[in-house]
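You will see two complexes here that share chain A, one where it goes with chain B and one where it goes with chain C.
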Partner chain A sequence: MTRPLTEPPGGVLMWLIVALELVTFAMVFTLIGVLRMQQPALFHAGQAALSSTVGLVFTLLLITSGLLAAEAVHAYRLTRTHRAQRFLFAAIALGLAFVAFKLHDTAGHLAAGHRLGVDDFWDAYFLGTGFHLAHVLVGLVLLSVVAFRLHRARPPELETVAAVALFWHLCDLAWFFLFPLFFARA
Partner chain B sequence: MRLLTWAALVGLAGVAVASGRPFVAVSLGGVKALLVGFEFMELRHAHRLHLALFSAGIVALTALLAFLVTR
Partner chain C sequence: MKFQSQKVAWGFFATCMLLFTLQIVYGFIMAFAHAGFDGLHQWIPFNTARASHTNLLVMWMLSGFMGAAYWIIPDETDRELAWPKLAWAQLIAFVVVGVTALIGFHFNWWEGRKFLEIPRPLDFLVVADVLLFIANIGWTVWKSPKKSTTSMVLFFGLLAAALLYLPGMIPTDNQTVDSFWRWWVVHLWVEGVWELIMGAILSYLLIKLTGVDREIIEKWLYVIVGFTFLSGILGTGHHYYYIGTPRYWLMVGGVFSALEPLSFLGMAIYAFAMAKKGGRTHPNRVALLWTVGCAFMSFVGAGFLGFAHTIPQVNMYTHGTLVTAMHGHMAFWGAYAMLILGIITYSMPLLTGRKLYEHVTAGFAFWVSNVGMVAMTLAFAVAGVTQVVLERRVGMDFLTVQKEISVHFIGLILAASLFTLGAAAFIWNFIRYGMPNAPVTGVAVAKE
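Let's look at the complex of A and B:
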């Protein structure tokens, strides 16, 4: 069934936020792309310190967490609240795994002497992935609030759960474009 | 469909890493973004205009980044 123009899935407000965030991410990606185009040797050298396998693990954690969030919305729509809550907690667990792995990976880079201010590659890497990580943290807070409220006397509306999942999927979308800019190299 | 979409996303992520080519990885990133939009963000049930705007935005961003990584 097609929804009316005034009722996008997840609600108008969250779609406005998602659209604004996507535009902001697009500007960040463009800036990184321009830096990469201007300084190919620097980016090639910087990318040698990054593992595409690590990038793949980040991707798998995010897309699996995204699947679980989508399943939670579907279960909640069918009024299967316990199942929806389990899916949300599983999505949060994978999101936390992403954060832990990201912090561990970042600590490794810092220990190797790669930090902000060293060169444009590492500035772009830390600011780009840091901006993404900030969104993941906000998404985790939103998912947690909704997950813990599912069994309250006044549970959240379906649209609220869908809106929070929508924000979580934004983190997937952003990562799909960050990944090739830093981890893909010939 | 959601599980199939997830399997496709995993497959495309693997191909992007295996190819190692930025142009391919950016293009596949665009495909993955469209898949997430259609299925996980439920845009395939949305009004056609929402679907069209989202798709146009993703295609434009993918084209721009593909251009930049191939310069």
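Let's look at the complex of A and C:
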């Protein structure tokens, strides 16, 4: 199916938001990349405290959740509302699991004495992944609002569901860059 | 004019003109002092002139916003102000507090905190005054069945501005902590909630002047303003560079203030597009000129020139130099001064029933003041860059450098004279408009 450029799935507004978010994240990635190049020893030391297995779990939780959100949009397009809602709840559950695991992981780092203001590595780590986490939380709120409204008398339009899923994919995409920048050994 | 109570806007606008004039006077005193002619030093030392110059700016911006709100809110909500007499009383109280503060500065009664020099007892009076204002427009909006996006954004912007005055009153004996909170007021005003106020006034002006559908303008303009607002919040970090705050503010400030020009550019493009789309049917062409000019100049002054020294690596050299003055002058002029002059230009013919926008001085005021401001910005830029090179690269002493760059202030004075010529034309027009005495026509006509 082809559609005009002015009517992208999810609506122009959400694409505009995603584009601006990507610009912002791109600056964050560049900053981390520059710090990594400038201070390789510091980065190496910091990364020793990160587990790549943990990083992989984060990644799998997010992309599986993204897949479920995409399936929800697909089901909703076919007007299979119950199926769409189940997919959305599953996506939310994995998103919440990401948040819980992230908080647990962060608590461990804080207990080990790694925190904001210690050095550039931990500043970049906490700010970069924290900024991402903020987006995940917003995404979860959006997904929940849509999921709980699917059975209302006036259910959300397909475009709204697609827009929310699009935002959720943005969180995946941003993580794809954060993952190698922090968890792949320099 | 649709409602009798809108007349109070004129009082606030007249106050603007008076404070604007005084602000320019103090600007000249400082420019001459910089150029080596500091004859008034005994009575008005530089720090007093500086505090007066910036506080007069803040005061006339606030006065302009209040006037704009008293003009726009009745129009948008389709009813008289809740308490018109209170609005006049609140204006008088505002002027009294302002004049007291200004006189106080000349007797060393001040706090010495940049932009928030007003002494603490007066702070409380300012808060009380602004709360009366918020209550007045808030009650007007609340009682009206018509709640347009523009009136709501304007109200919440003003409410947030009032609340954000409070962090500046948090007591501390640490200079860095004091600066930390001070920027909550100053930055979160000008690059935060004031942008909501700006968005609302801009959107009101564009709706009225271009005739483009309210739905289109309100939706997209508020999206753009929302972006500016969000990037501006974390952009606060650019005031925390090298003042004793943790290093991570370099990252936060660097990333988010780099985003700010993007949304300012969006605002400028959008205003141009709407002006083009709307055609040129509205007779008050000069008001549209100020409106679109405001969107453009705020991009250049706030967005572009702000970006020029917001990257931490650059700011390491430019922090606290005349480069900041370069950015500050055009940013405030473009974003807020032009906006207020725009709403004044739009509302004066309706307030007074005279159509002076057709007069040649109206266009003259716009072009000459803007060309003058661009020239002033260039003069500051040259002086600022020279200062950075000599002081921060070569390592010369601060006062020696000030002597070296004093010649650039001759250029600044010339540019400022041009600017003043334009400003004087504007004020002269304001005076010629006279008192508000236009017949109130709107309600009956609109309801028929």
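Brief remarks follow.
Assume the second predicted complex is superposed on the first by the 185 of 186 C-alpha atoms of A that agree within 3 Å, B and C clash if a C-alpha of one lies under 4 Å from a C-alpha of the other, contacts with A are read in each partner's own complex, and residues count from 1 in each chain.
One rule holds in what follows: a contact is a pair of C-beta atoms (placed from the backbone, for glycine too) under 8 Å apart; a residue touches a chain by one contact, two chains touch by 3 or more.
Just so you know, these numbers come straight off a predicted model, no measurement behind them.
In the three-chain model built by superposing on chain A, chain B and chain C fit together without any clash.
In the superposition on chain A, A:F179 contacts chain B only, with no contact to chain C.
When both complexes are overlaid on chain A, the residue A:A124 reaches chain C alone and has no touch with chain B. Draw one line from the C-alpha centre of chain A to that of chain B and another to that of chain C; the angle between them is 110°, to the nearest 10. Once chain A of one complex is fitted onto chain A of the other, the partner contacts of A:L16 are limited to chain C, with no touch recorded for chain B. Judged by the number of chain A residues each one touches, B leads among chain B and chain C.
Once chain A of one complex is fitted onto chain A of the other, the partner contacts of A:I63 are limited to chain B, with no touch recorded for chain C.
Look at A:E71: by the touch rule set out above, it reaches chain B but stays clear of chain C.
Superposing the two structures on chain A brings chain B to within 16 Å of chain C, judged by their nearest Cα atoms. Residues common to the contacts of chain A with chain B and with chain C across the two structures: none. Residues of chain B touching chain A in their complex: 2-3, 5-6, 9-10, 13-14, 16-17, 19-22, 24-26, 28-30, 32-33, 36-37, 39-43, 45-50, 57-58, 61-62, 64-65, 68-69, 71. On chain A, the positions that touch chain B within their shared complex are 1-5, 7-10, 15, 19, 22, 26, 29-30, 33-34, 36-37, 52-53, 55-56, 59-60, 63-64, 66-67, 69-71, 73-74, 162, 165-166, 169, 172-173, 176-177, 179-181, 183-186.
By the touch criterion stated above, chain C contacts chain A in their complex at residues 223, 227, 231, 246-248, 251-252, 254-256, 258-259, 262. Partner chain C is touched in their complex by these residues of chain A: 13, 16, 20, 23-24, 27-28, 31, 116-117, 120, 123-124, 127.
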